[in-house]
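As structure tokens, here come the structures.
Two complexes are shown next, each including chain A; its partner changes from chain B in the first to chain C in the second.
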Partner chain A sequence: MNATQQANNLVVNHLPGQTWNWLKMNDARVAVDASAAPLEAQITVPEGLREGGALVPIGGGMGPDYDRWIQQDAAVKAYETAEGQKVAEPLKLTYALAGGKTAAAACRIDAKAGSELTVIMDFAGQPEAQPGTAAFSTKLHLAAGAAVTLVQIHRSGAGQRILNDVGAVLEENAKFNVIHLVMDGASTYVGCQADLKGDQSSFNADVAYLVQNEDLLDTNYVALHHGKKTESRIISAGVLRDRAEKLFRGTIDFKKGAAGSVGNEKEDVMLMDDTVVNKTIPLILCAEEDVEGNHGATIGKLDDALLFYMESRGIDVDDIYEMIAKSKLEAASRLIPDQAVREDVQDYIEAHQVQKQ
Partner chain B sequence: MSKEKTYVEDVDRSLYDFRYDESDKDFYKVESGLTPEIVEQISEEKNDPDWMRELRLKSLEIFNEKGMGQWGPPIDGLDMNNIVTYVRPKTKMSANWEDVPKDIKDTFERLGIPQAERKSLAGVGAQYDSELVYHNVRKEVAEQGVVYTDIESALHGPYADLIKDHFMHLITPHDHKFAALHGAVWSGGSFVYVPKGVSVEIPLQSYFRLNAPGAGQFEHTLIIVDEGADLHFIEGCSAPKYNVANLHAGAVELFVGKNARLRYSTIENWSKNMYNLNTKRAKIEEGGKMEWVSGSFGSHVSYLYPMTILNGEGAQMEYTGITFAGKGQNLDTGMKVVHNAPHTTSVVSAKSISKDGGISTYRSSVVVNNKAKGAKSSVSCASLMLDDISRSDTIPAMDVRTQDADVGHEAKIGRISDEAVFYLMSRGISEEDARAMIVSGFADNVSKELPLEYAVEMNNLIRLEMKGTIG
Partner chain C sequence: MSDPLLKVRQLTVNVEDKEILHQVDLDIAKGETHVLMGPNGAGKSTLGYALMGNPRYEVTGGSVAFDGADLLDESADQRARSGLFLSFQNPLEVPGITLGNFIRNAVEQRTGERVRLWNFRKQLEKECEILDMDPSYVDRDLNVGFSGGEKKKAEILQLLMLKPKLAILDETDSGLDVDAVRTVSKGVEEYQKQQDGALLIITHNTGILSSLKVDYTHVLVSGQIVGGGDASLVDEINRDGYEKYEARAKAAE
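Up next is the complex of A and B:
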């Protein structure tokens, strides 16, 4: 191993409120190469969007260790909207993952006041790809009244390790929507943090995943409520099967002064095999009186009443589970605003994802 | 509706804050700090059997090796060099209140313990600093074969082997730093054995009073409820307030046999200079049921998470708890449950109130192991913030390792609902009374689980008097 290949041990996905160490949920440890090759994307830039924009430091869900590491080598693309510009077509970045050497890419979005933009990132594994690590960082600044929807599609194929960090700062009345679809990948680490700095800003995260084989999914979603009357909503739904392992961290953090804010988070996990490991830790941290925070989680097998209903319609139990598993991914895929991408993803789900054993 | 802030009065502690000065004439105490010599001295004083002496010294080694976790409230104000780990009143334990020294008897009289014993308890143990000064069990309960005594007597009597087989087997010195400390310097506490099929109709109670400034209390409670038996055990604790740190690092080990039931109720009202680093754990066999009822009101800092291991098929656990964190308090409470057998169930209802700068944290873990097929767990927690200088956090963890499980969790944090106040006011209730009613109702699920006398005590303790609105 030469100097550039020496491993770094990154501590990522820190739980904002620490708990017992024996649960092994406080953070994740990831060994990475000391350096990475720039990972270029196939990019479709819509009319009305231009390259450039301010590169202010923005924290992400993966944490500062990861930020320091990826900033060294990542291929950086930066875009900005014009003030009040509603960009009709999405910005599309497709990363063809061939595996092999660790590769990294970063994207910066500067959404000016009153502008609207959709960004679609496709982490797509190549046929015959070698095992490897691909690392991503997406940082966004949403000025007053800006609205950005970020869609990230994980379909890297077997054998790939994906590190995916998202961080956003929202000014007054800004709206940030994230759609995460995790359909495969040997190990996937996702951190996503939205700093609701401006009053009445809002953050929505819709997450859907299927983790199977011996794959791992480790996530950390954080909504920091700083502004007044801010809103967050984190909805995660997924399926675990085979010997898969998943850890969902979700945090609603009401800072002092965030009066009138509301935060909701929910996770719904269906377990399809007896060898899966599911970990869930939904946090509400609260330093403000005038707020409303709710979280809920349901974990386990399919609801008996639903199962009974569908069985009474003559559907086999295994088929019912397959249908429900697929529906969780499809539900999230329907939120993708671009029709062509949406249909492509739905075809992928149909063809590759949920197959009866 | 405009948003107004409610001022809720602090808990009235005058009932608990009285104290007597302890003179050396009446009390024996070890030097402050923690050394092998002090541990040996305690062991000698208590006439420990050899295995216990070895356990103490081994525990001390573990204590010295172990670090503190990085996850809880700060305990910087606690310096073990300043803590006296053993303070014994120079009196023998008695089964007659008249034989208890006057000051100590007066203390328990003011706390209402002898009166409660006469009215509603099957037996009472009263610990003052490090040792029990009173222990008694009703004749008819003793005749059922129920054993209720101090641990030290049990260590040297016919139950010596039973103690040896269970003592610090469920909570081991390796669990964490303060479990190790407990193992080294434990003193006092109660041993209860309920034989097969025996149902103790009225509760037993142990009351722990820590009177000495700068002292620690390390009582050990060991309860074995045999197959098909039933018991309600109540634990109460209080201390006067001092300007120096006091420490409580007790341990509670509960063994609930096949188809047995144990309800363990606690009203904790330590003074606000207390570091309450207590450990409680229960193991439940097939068809057995554990019920925790917990009210945490006192202490400067609390780490308190009763743990239940559902070890037999169909074992059940219920936890009902409330935590009230006021000025200067950082109360980190919750529970842990491990589903370790098929068809086990756990139901948790936890509430907290934060006011006047108080910090309350609900922390929990629900672990469903692979062999716990058909396990069900339902956790509900609610937190009420009464002002904007306080803090309330919810940190629940779930680890599920079988497909055949049904685990649900829900949590809410918020303030007093304007709509609820408006509704009550529209029924002719004043705003002040409406707010008081809502806050009292919030705590109601715990008080209704307690015997009447203790529910009254808890309500007195809360004393959520609405003094009007400000802001």
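Up next is the complex of A and C:
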């Protein structure tokens, strides 16, 4: 890209509470084209799900810079459930990424009170794709008692840059589950924010990734606890190898009035090579006394006892690491509620993702 | 007599610079069942771990030949591929890897051949039946959330699928109720029948031996083998304890 094409420098994945600037972890700077081509999806709409629905602006994990930029050109799809509607089949959006010019797509979901919906988005790289940038924005409003599961599968292939923003507002008793599987991509930026506005609303994020070669993964997960007795759980598990770099930001923000709320975040990272760069910022902010926030992290190499147990079955060390790497993605893939997609993803993991160099 | 399958000579093993096993000799021929008994802390598990090649257990002297090759030159995974198996006293949990996938991978490594999934699943189900094991365990993460009994059954399931030449069972019967011990014993008997497999059974009780024909019993005290005999020795020790053997070990120091 030349200088005129890359006219915008966006500040994305901004950490809600700042740390030392010299750590270069407070946010990420992303240069993007001034404009993007609309990226259309191949869509399978389940029976009974309506197109349409107007949403008020909803913040996402990538932040306002990104919102302004993507709203200009993205191809927008919007869907709404009816009150109390349990949509049995998932809404599937497959984005075929061919690379080349920057492309953008947005999706809006308005889940009415008591409704249930699963949304599966597949960011799928095409064979022989050119290097390129694909940008996504998914915003959701979950009315009282609504439950939405959002699955986003990153398998864009080598050379692609993916920008992926998710933002949700949850009313009373709403439940929002996010499953993020990041299997490849030259650089991937994921921001995901859930505003737990209503009492007893809950947010779950299960994130699994494999970052290898010289690829980059930069993430920002934020749970904003506004309502009383709200719950959040952010679980991230992944593998870094070669000269890959990963930055995980996980924030649980208890706002004043969020009494009785609980937030948990846990990270499990396996480092396969000494040359990887792994950065993590767990952040728990409290403006309310009666809350519980927990953070745990396991970062490192395989435990010696576990390694010996597996070796004692005839599996050599390299293969054990391969198996463990694959297992992180497979464990998350098992959470995909749609069997066909789940099997497809597992085949992809088997065939493409974890191979001996 | 031809060379035994396992030939241990003057084996000395240290753990964290402390000598635990002192010049142990042991021969096990193909298809034979040996029992290793001894009080707690005698070094029984150390022998199992050292033979399997756990790097925490440093061999400082002696030799071990397995199937004609020098075992001590090989890493743990090579020893397993040569046909040695260790059933762990406390099997480890491996989140994210199902029992079925783990065994499939191990079988492929052991045989050097790609496993046909359909045949593999049929075989697994058959072995699960022998062990009175719910086949759904095969699709669960290895040992994660398994009860003590299910973990031990999972070990024997691996034994049946991997078909080693020699299996070391390290207190596989510990912590199991009577029915579970009987089931595990049935699985071990099946391994013997199918493979003419040799066994070194580390145990404190006779339950696991109920359906097996024991060829030799060894008594290990304070890191030394201080006694041996036929199957009747198991009953004798259960009746009289280790006092006599502890005195022998002391005298030998």
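FYI, the second predicted complex is superposed on the first by the 352 of 357 C-alpha atoms of A that agree within 3 Å, B and C clash if a C-alpha of one lies under 4 Å from a C-alpha of the other, contacts with A are read in each partner's own complex, and residues count from 1 in each chain.
By our rule, a residue touches a chain if its C-beta (ideal position, glycine included) is under 8 Å from a C-beta of that chain, and two chains touch if they have at least 3 such contacts.
From a predicted model like this one, the values you see are computed outputs, not experimental measurements.
Colleague: Once chain A of both complexes is superposed, is A:A98 in touch with chain B (first), chain C (second), both, or neither?
Modeller: A:A98: touches no partner chain.
Colleague: More residues of chain A in touch with chain C or with chain B?
Modeller: Between chain B and chain C, B touches the greater number of residues in chain A.
Colleague: Once chain A of both complexes is superposed, is A:A34 in touch with chain B (first), chain C (second), both, or neither?
Modeller: Neither partner.
Colleague: Examine A:I284 and indicate which partner it touches, taking first as chain B and second as chain C; both and neither are also allowed.
Modeller: A:I284 sits against chain B, while chain C stays out of touch.
Colleague: For A:N26 in the superposed arrangement: first (chain B), second (chain C), both or neither?
Modeller: first
Colleague: What is the contact status of A:F308 with respect to chain B (first) and chain C (second): first, second, both, or neither?
Modeller: It touches chain C, and chain B stays clear.
Colleague: After superposition on the shared chain, which partner residues are touched by A:Q18: those of chain B (first), chain C (second), both, or neither?
Modeller: Only chain B is touched by A:Q18; chain C is not.
Colleague: Between chain B (first) and chain C (second), which does A:V45 come into contact with in this model arrangement: first, second, both, or neither?
Modeller: Neither partner.
Colleague: If I apply the document's touch criterion, which positions on chain A are contacted by chain B in one structure and by chain C in the other?
Modeller: none
Colleague: Which part of chain A faces chain C closely enough to touch in the complex?
Modeller: Listed in rising order, the residues of chain A that touch chain C are 237, 304-306, 308-317, 319, 323-324, 327-328, 330-331.
Colleague: Inside the complex, what are the residues of chain C that reach chain A?
Modeller: Spelled out, the residues of chain C in touch with chain A are 52-56, 75-77, 79-81, 85-86, 88, 91-92, 94-97, 101-102, 105-106, 109-110, 141, 158, 162.
Colleague: Residues of chain B touching chain A in their complex?
Modeller: It comes out as residues 3, 5, 69-71, 361, 363, 365, 370, 383, 385-388, 390-415.
Colleague: Contact residues on chain A for chain B in the complex?
Modeller: 17-21, 23, 25-26, 254, 256, 259, 269, 271-301
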